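Look at the two complexes coming up: chain A is in both, with chain B in one and chain C in the other.
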Partner chain A sequence: MSADDPAYRLFEQRFGARRRARMAETMLTAATAVLLFLVAAVWTDFSPEKIYEGLPRIGQYFGKLLSIEPLAGADPVPVLAFGHVFGGVKEPQSIAYWFYRIDVYGTLLWQTVQMAIIATVMGFTAAFVLCFPATGTLMPLRVLVFFLRRLLEILRTVPQVVLAFIFVWPFGIGPLAGILAIGIHTTGALGKLFLELNENADLRAVEGIKSVGGSWLAQIRYGVVPQVLPGFLSYALLRFEINVRSSTIMGFVGAGGIGMELKRVIGFNIYEEVSAICILILLVVVILDLTSERIRHRFIGQFA
Partner chain B sequence: MLELVQLSRRFGDKLAVAGANLTFARGEMVGIIGRSGAGKSTLLRLINRLIEPSDGRVIADGTDVTALRGRELRAWRARTAMIFQQFNLVNRLDVLTNVLCGRLYHMSTARVLFKVFTPAERAMAVHVLDRLGITDIAMNRADALSGGQQQRVAIARALMQEPAMILADEPIASLDPMNAKIVMDALLDINQREGITVLTNLHTLDTARTYCQRIIGMSAGLIVFDGKPEALTDAVLRSIYGQSGDGQAVDEQLTSTSLPMLARPAVAR
Partner chain C sequence: MTPAEIAAQRLRTPWAFGLNRRTLAIRWGIGLLAVVYLIYLHWLFEFGKVFSGLERLWVIVRLMVDWTGFAGWDHAELLQSMLETVAMAYLGSMLALLISFPLGFLGARNIIPARVFRFFARRMFDGMRGLDQLIWALVFVRAVGLGPIAGILAICVADTGVLSKLFAEAIENTDRKQVEGITSTGASFIGALRFGVLPQVLPVMISQTLYQIESNSREATILGLVGAGGIGLRLSERIQINAWDQVAYVIVLILITVALIDNLSRALRLRLIGIPSHR
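Presenting the complex of A and B:
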């Protein structure tokens, strides 16, 4: 077809109009995004200069960490000095001195991980129960689907720290408030992910179970659950990793775990202990993340 | 006896099934033929209420099926087993569990939830699998099977329902000719030995002629033919399948899935 063919010219004309319209739309979206970013940056005082100014000071924390305040005129003495690293508990510049409260930290870290485990199991169970009636393709009752989806949205939009703070009032200071806060958030977050998996489930199996006279429960149990369970477990493990990190923060509002101790030592400016706790948290989180990632990959590999 | 009275189903402004009036006697083997989109699948699904009718009624032994609800509806579905073109098995479960699913209607909610099947149910499943010649794959996962094996698993599940009727929606459309014959033979055997009524949608004319005593032709939602295979003349076929481009009658070879070596009754073509 030659370029001066009337049909081709008409096509070009229409195609060109379509393309211009799409281009205008893209430009408008991009301009809006840039504008929003700038407004946000101004409001939050986010500016390149400030980052640039602050950059040299990043090292100062570590400098303080590795030195104690000098007496007037004297040189700073490092907290951790090579010659003393393997010294005893009473030796100020040794690892043992740094971690002299390791038993307390250990107990609190264990409590933190336990909080995450209980909260994840709680959230998983609740999300599992709620996700099926909240799936539009599986639940014919539109009202129930709508109501449950909004409920899950509310559960996951309230920040966990706010929830924990609210729960410290009725349930007192301690892990229970933290567990409830994380558990509730987990319900909302997992519920949403689960129902998306449900929406993608192959409905032929469901129709098959329906055709043998299976109840709604039977259709879910045999038609849907076998399809989605590996995905559910993978998401739950991912959530567990996130929950371990979240539960370290819970202590800041008195909701249990290592965070309470962290808040205290930060408050007293005890740099060695702040660092000791941060290092321990990092260690635990990394170990759990790596382990759970392995397990998740095995799930995916096994069921894919 | 099953009776369809002015049974209709509307999708948007299209009538998928338009006022079907049919009567089926117990033990019949009926083939339903027609072009894609003629309403064959909808008709079958209206009978076991996987699709709700827009109008009309299904009456089984004097009971108005279209009015059934809850447990009674499920009882009706359990009595009218269904075979699907895409098998509709639970892919991630093994064959035995898939077959045992045929008993779900008869099980308590607790047993359903915890997958508790009795030894008697398992024995029944093994018996049914043996009858269809697929006992050796009982522990395989359903999605690891060939199409022909999957369809036999689906038939085994249907038999577990101890149904009075089997509705087969294009049971051999996804199968190669050899497996198609195995599946159709199994349905015929069930029809003849147990006297179970079989209604089956078929898109292959010669299969319908070979296996069914009665053929129903559908076109654009209407029942345009109901009679013996011998009565399917070229004129009738044209009313079912429409005129082909050159005015020729439908060539049965084009819709055939049978192997040349498989003997079938000589029919006038």
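Presenting the complex of A and C:
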């Protein structure tokens, strides 16, 4: 086949046309993205000068987070120094000096994790109860399915911090408002995932139980639950990891946990305590993530 | 069937006759522990307060649904803040995309074989991801002052952690054959990346970025609560003065915006890579 073969020419022509069309489309998408970026930047005052002005300040601030003043008014020094790392509480630049309020943080972190646990349990229970009547394949009552789905949607779309902020009014300042807020959000999020699992469940088991005269509850209990429970638990553990993160910020609106202390030390510019708390939060989050991942892989292999 | 036969069968298949004592004891033990733990939590968090608070919550809910003053609310300000929130989410996510694109390659095993380097890159991603966006926002408000810039930076940092990790994993999961084919034609390292790796990971990257824009526009609505710009600031003002009707209105605005963005992103994803939903 030579270059002036009509078939070859036709191929070249069509290939070229297609390629140009693809290129034009890509360029158009990219141009739209850039244009939107510029519009958004103008809208939010995100100008290059402001970035240029702000960057050194960010650097300074993060530098301050990792330095201490051993005596009031003295020059700041790094939080840790090689010779002092394992010194006592009274010795500046040691770990013990940096984390000297570890007992307070520890109590609050314990509270934070407990908040996440109880909220996950609450959300799991509520989602478990709501997800079966909200599944179209299991519930013949269309109205109920529609209503419950919208309810779950609303529960998971209202931001949980906003809910917590509202709940602080009726339930008082403290972890209770945070727990209820996270619990409600968890109900919505897990409910949606659960009902998707239910929809994919094999209906033959349900029909079998129906045929021997099992009630609706029996059909769910023996036909669906054994199929979906491992998936439910896996999702619940994943949600628990997310909830631990959420409960660390609940304190910003007065809803309990380590967030209250973090907000206080940031507000009063107690720099070295800000970094200490952030490091502890990170540690807890990472440890719990790893543990929960282990559990998921070990017990619920195929779903994790 | 004689009792002897039954006993023999029980020996052969004990599990068919119900759980044995040990398993039962362990299950009851776990159940009991769970109950004790829940009672402890009940005491720790004073759950009794829920019932005394319900009455006050009911008052708030009743005030929330009363929209008689609707015409007098500052709609222009609220809509402007809502748009600002979406703009923050978009800017933050796009900046994060720009930063994590190279970082993702640097964190992938098949691109950078140096283990020490990769270890630190991965730990850095974990650190950025592990702290909630709101914590970053609070820190950035202190560093650069009140306003949307603090929010954009917070979104950008938290998102860079997420996207870099996902990109690195996507790059590690690419098929080597395509890269080898390109290399065998004499292409440079960059050429192999461009035509061997990039076509394989681009759909994942687009999908993840769209998902992040979606989820960030949800998250951005609360950044204002700590002063980092957007609708959250208006919301927090209204909660503090107990203007519950307007609080409900702002929440409805948020719900509508989030739904719009979800649908838009679904349509875009379908158009760009042909997959309607995330994962």
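Methods note: the second predicted complex is superposed on the first by the 227 of 304 C-alpha atoms of A that agree within 3 Å, B and C clash if a C-alpha of one lies under 4 Å from a C-alpha of the other, contacts with A are read in each partner's own complex, and residues count from 1 in each chain.
Going forward, a contact is a pair of C-beta atoms (placed from the backbone, for glycine too) under 8 Å apart; a residue touches a chain by one contact, two chains touch by 3 or more.
These figures come from a predicted structure and were not determined experimentally.
Enquirer: On chain A, which partner touches more residues: chain B or chain C?
Expert: C
Enquirer: Given the touch rule stated above, what does A:Pro170 touch, chain B (first), chain C (second), both, or neither?
Expert: second
Enquirer: Counting only touches as set out at the top, which of chain B and chain C does A:Val158 meet: first, second, both, neither?
Expert: Touch partner of A:Val158: chain C, not chain B.
Enquirer: For A:Phe252, decide between first (touching chain B), second (touching chain C), both and neither.
Expert: A:Phe252: touches chain C, not chain B.
Enquirer: Which holds for A:Ser215: it touches chain B only (first), chain C only (second), both, or neither?
Expert: The answer is first: A:Ser215 touches chain B but not chain C.
Enquirer: Output check: A:Asp202 vs chain B and chain C. Expected answer is one of first, second, both, neither. What do you get?
Expert: Touch status of A:Asp202: first partner only.
Enquirer: Quick check for you: in the superposed arrangement, does A:Gly223 touch first (chain B), second (chain C), both or neither?
Expert: The answer is first: A:Gly223 touches chain B but not chain C.
Enquirer: Applying the touch criterion given at the start, work out whether A:Leu144 contacts chain B, chain C, both or neither, answering first, second, both or neither.
Expert: The answer is neither, since A:Leu144 touches no partner chain.
Enquirer: Across the two complexes, find the residues of chain A that touch chain B and also touch chain C.
Expert: On chain A, no residue contacts both chain B in one structure and chain C in the other.
Enquirer: Which bits of chain B are touching chain A when the two form their complex?
Expert: Residue list for chain B touching chain A: 48, 50, 74-79, 81-82, 84, 86-93, 97, 101-102, 104-105, 109, 112-113, 115, 154, 157-158, 160-161.
Enquirer: Of all residues in chain A, which touch chain C in the complex?
Expert: The touching residues are 29, 33, 36-37, 39-41, 43-46, 50-51, 54, 57-58, 60-62, 111, 114-115, 117-118, 121, 154, 157-159, 161-162, 165-167, 169-172, 174-176, 179-180, 245-246, 248-249, 252-253, 262-263, 266, 269, 274, 278, 281-282, 285-286.
Enquirer: Show which residues of chain C lie in contact with chain A when the two form their complex.
Expert: 38, 41, 44-47, 49-50, 53-57, 59-60, 83-84, 86-88, 90-91, 94, 126-127, 130-132, 134-135, 138-140, 142-144, 147-149, 152-153, 218-219, 221-222, 225-226, 229, 232, 235-236, 239, 242, 247, 251, 254-255, 258-259, 272
Enquirer: Spell out the part of chain A that touches chain B in their complex, as residue ranges.
Expert: Result: residues 202, 204-205, 207-215, 217-218, 221-223, 226-227, 303 of chain A touch chain B.
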